[in-house]
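Common to both upcoming complexes is chain A, partnered first by chain B, then by chain C.
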Partner chain A sequence: MKAIIILSALGLATMFVGVYNFKKALLPMILLGLLAVIGINTMEWNTNIHYYNDMLYFDNWAVSFTNLILAVSILVFLLSGQYFKKNTDHLEDNYSIIIFTIIGAILMVSYSNLAMLFIGIETLSISLYILAGSKKTSLASNEASLKYFLMGSFATGFLLFGIVLLYGASGTFHLHGIKDYVIENHASLPTIFYVGILLMMVGLAFKISIVPFHFWTADVYEGSPTLITAFMATVVKIAGFAAFLRLFFTCFSSITEHFVPILCILAVLTMFLGNITAVYQNNFKRMLAFSSISHAGYMLLAIIALKESSFIAILLYTAAYSVATITAFAVLLMIKAAHQENDSIDTFNGLAKRSPFMAFTLTIAMLSLAGIPITGGFFAKYYLFANTISAGYTWLVVLAVFNSAIGVYYYFKVIIAAYFKEGSEEKLSIFPAYQLVLIITAIATLLLGILPGLITEMM
Partner chain B sequence: MTEIPLQHILFLSTALFFIGVYGFFTRKNMITMLMSVELILNSVNINFIAFNKYLFADKLDGIFFTIFIIVIAAAEAAVAIAIIINLYRSHKSIDVDETNEMKY
Partner chain C sequence: MAPYFFYFLAFLAIFSALMVVFSKNPVYSVLFLVMTFFAIAGQYILLNAQFLAVVHIIVYAGAIMVLFLFVVMLLNLNKELEPHKSSLLKLAGVIASGILMLTLIGTFRGATEQVVGAGLSDGLTYNNQVGLVKNLGKVLFSDFLLPFELSSILFLSAMVGAVMLGKRDKEPIEL
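For the complex of A and B:
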């Protein structure tokens, strides 16, 4: 909770620092602020406090998801210093909007009232519409912003209609109130309640790009400024899945038979469509967009299992996925900074000769995304699949493993480009901030793979 | 005077919702699409007020939620208009079919 207040103050302060022309002080201030917020947030561990008339509930899951979001945001901010160097006109606006986006994400992982879920999603989305279009002169950026806005607001309409139907049936917005209502009227729930669940599912599925509500993803990821894409691909996924799981685990875990079949179909479609389309992509950002769709499919398995351990599965998976994705985007940004305005996979050709360090970290990230052992991605997948099998959905896991095998193909395409293809011979120098980010993410990926107990036993 | 039954109001709001969805899918003008989205949000507002008045009149939950929706819809419209103006500057048109920089 204190995290939200401090971040709001930080966002406002960022705007004013920009007005008074201390642009050099912006980034250090934000980074220190975020680190302080992580510290303060961690102190709420095990306190389980209900805030504001039970609008927000900071249990351990909320605290850990908040910390994950903040940690990923720090990595994005570290990358941003160099990224905005050429264009500092609206630096403070960009920064403060990113901070407000983080607030939206934190609301989404800690809500205990549907009103807060709605406000969290909208704070996150409206900020992201602006950020997606923040490269004002670029046609692609404008278009990405428009597509994201149209799809996002349409999805909001569905989400709201779902909320209103749940309200009409149960008369409350509190998650625990809805849970009690479901348990009391287990046998005779009205039809509008089921329609409400379905519509909320559609609204949330749009946000986390589940097939068939995924069609905006590739265009928006490709068109947005690369840094914002990195932010979008990580923070929005973490917040979206945490919100999805929180809602369904708290409210509907006693009536799973009514929506789990639908989620199973969506998961299978998402995994296959995401992976198969990713194989045919030549643009690296588009490939990562489809890979993010397929990862959403895997993570949906945790929601299908719907147990207490699903939270750990989602936490581990989003952590491993975010860290690897940030690495991939950092390497792409670094290559693009060397005057190559091109996102195609060919830009990685000969990377091993140009910068062995970057090729190495990129390889770790790709192995982690593909789920190869000793990286974080492997353990996260293992935990997720084991969790799903223990809930009795073995056939889904078989399909998921088959899909992971398809995934290996396109992730290795990048590694092969980096190590075995001939490209430009010019050496790449690497900015210190990027080097720091790459070292942190590589260590984090390996640590998650070798010592996953750090997270699983803490819970 | 007899009171209007709840069903009639729900018919109205559901009809508005689907008019919004229909408009969103068939219109190509961005302003009209924005209007369709607003229709969807307003149909939700009507629903909230109706449920609150007819079913749960002892608390004002639904009405409060409506205020949240109105505020957020205003913010959303402001951002949308900014995006549309920015797009008009580069494309000289607000037809969504013209925005096709990126293709599969």
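For the complex of A and C:
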């Protein structure tokens, strides 16, 4: 809660600093602000406070997901300095909208009332529609924004209808109220309640791009400004999955038999479609878009298992995935900053000769995304799959492992391009901020892989 | 008397909603949409939710529809410019929305008995004063104060975005 208040003030301050033309002070102020928010937010650890008539509930899960979102946002902001320098005239507007997006994401991980869930999703989405179109003169960016907006508002309609039906059946918006209602009327739940669950599932599945609600993903990721894509691919996934799990774990964990079969089908479709389509992509951003779809498929397994440990699984997985994705986008941004090239995988050709450091960090990120041992991605996948097996869905894990094997193919395509293909010989220089981000993400990826106990023991 | 009003308004709403889709002229579509909104506002009044009805008319029939009309007139849409959708796509649309419609019809048939049967009848009784401005305001500024305040962030970011997208860049950025 304190995080939300401070971030709102930070967003306003950002706009005012922009008005008075202290543009140099903007980025340091935001970074310091975000670090302070992480500190203050961590102080709510173990307090479990219900805020304002149980609208928000900051349990340890909410605190840790909030910290993860803030940490990822700091990385994105570190990248933004150089990126926005040549891409926009509206620095402060972009920054303040990103901060408001973070507030939406925090609401989504800490809500305890469906009204808050809705406000959180809308704050997140509407800000992102704008950010997706923030490269005004690029046709692809405009298309991405409009596509995201139209499809997103359609999905929000489903979500709202779902909320209405749940309210109609249970008479409350509070998660705990709905939970009590489900337990009391276990045997005789009305049909509208089930349809409500189904419609909410559609709305949430859209946000985290589960097949068949994924059609927007590739175009939006490709068309949006690259930095915004990095932000979208990480923060939205974290917030979306945390919200999904929070709702289903709190309210519906006693009636799993009614929706788990649907989730199983969605998970299988998502994994296969995401991975197989990613194999055929030559555009790096599109490949990452489909890879994000396939990762959403793996993470859906945690929601299918629906246990307390699913939270750890999602936290670990989103952390490993976000860190690796940020690395990939940082390297892409750096190469594009050097000389205006396209987003195709060929841009990475000969990267090992041009900048061994970047090639190395990119390799760690790709290995982590593919789930190769000693990286964070491996342990996160291991934990997620073990969690799913202990819930009794071994066949799903078999399919997921098979899919990870397909994933290795296209992630290695990038590594092979970097190390074994001939490209331009010109050395690449690297901005200090980017170097910092790459060092942080590489260390974080290895740390998550070698010492995952840091997170799992803490919970 | 009320049931007749209900059926009349429901018929009007569905009829004009269908006409929105089937009219050839986009301006007619928009006008039929206005009619749909008025019919739904009528339903709100039948439920004694006057505030909702008035807001519905002001926001939707007033502001948003005028915007729609302007956009439609400015774009000068006509039949030649309309892209042709393949019949396969149309069929897919019909099947998908037909399934959704069947699900919803199945859901709402007998929903009242089910909801009451599931135990709502004893605890909660419907308060027919709940939609009045006074009661709504009380709930909004006590129980739902936080969402009410936080929606300001939503509007602020939408506003900043609108200004940002509308402002002219100092120099055109390369494509």
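Please note the rule applied: the second predicted complex is superposed on the first by the 457 of 459 C-alpha atoms of A that agree within 3 Å, B and C clash if a C-alpha of one lies under 4 Å from a C-alpha of the other, contacts with A are read in each partner's own complex, and residues count from 1 in each chain.
Criterion: a contact is a pair of C-beta atoms (placed from the backbone, for glycine too) under 8 Å apart; a residue touches a chain by one contact, two chains touch by 3 or more.
Because the structure is a prediction, the values reported are computed rather than measured.
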| item | value |
| --- | --- |
| Touched partner set for A:134, first chain B, second chain C, both or neither | second |
| Dominant toucher of chain A (residue count), chain B or chain C | C |
| First, second, both or neither for A:51, with chain B first and chain C second | second |
| Partner chain(s) touched by A:85 [first = chain B, second = chain C, both, neither] | neither |
| First, second, both or neither for A:122, with chain B first and chain C second | both |
| Chain B versus chain C as contact partner of A:154, first or second or both or neither | first |
| Chain B versus chain C as contact partner of A:186, first or second or both or neither | neither |
| Contacts of A:258 with chain B and chain C, given as first, second, both or neither | neither |
| Contacts of A:195 with chain B and chain C, given as first, second, both or neither | second |
| Which of chain B and chain C A:168 touches, first, second, both or neither | both |
| Overlap of the chain B and chain C footprints on chain A, listed as residue numbers | 115, 119, 122, 126, 129-130, 133, 136-137, 139, 165, 168, 171 |
| Chain A contact footprint on chain B (complex, rising order) | 17, 20-21, 24, 30, 33, 37, 40-41, 43-44, 47-48, 51, 55-56, 59, 61-62, 64-65, 68-69, 72, 75-76, 79-80, 82-84, 86-87, 90-91, 96, 99-102, 104 |
| Residues on chain C engaged by chain A in the complex (per definition of touch) | 103-104, 106-108, 111, 114-115, 117-120, 123-124, 142-147, 150-151, 153-154, 156-158, 160-165, 167, 169-175 |
| Chain B-touching residues of chain A, taken from the complex the two chains share | 115, 118-119, 122, 126, 129-130, 133, 136-137, 139-140, 142-147, 149-150, 153-154, 156-157, 160-161, 163-165, 167-168, 171-173, 218-219, 222-223 |
| Residues on chain A engaged by chain C in the complex (per definition of touch) | 4, 8, 11, 15, 51-53, 55-56, 87-90, 93-94, 96-97, 100-101, 103-104, 107, 113, 115-116, 119, 122-123, 126-127, 129-130, 133-139, 165, 168-169, 171, 184-185, 188-192, 195, 198 |
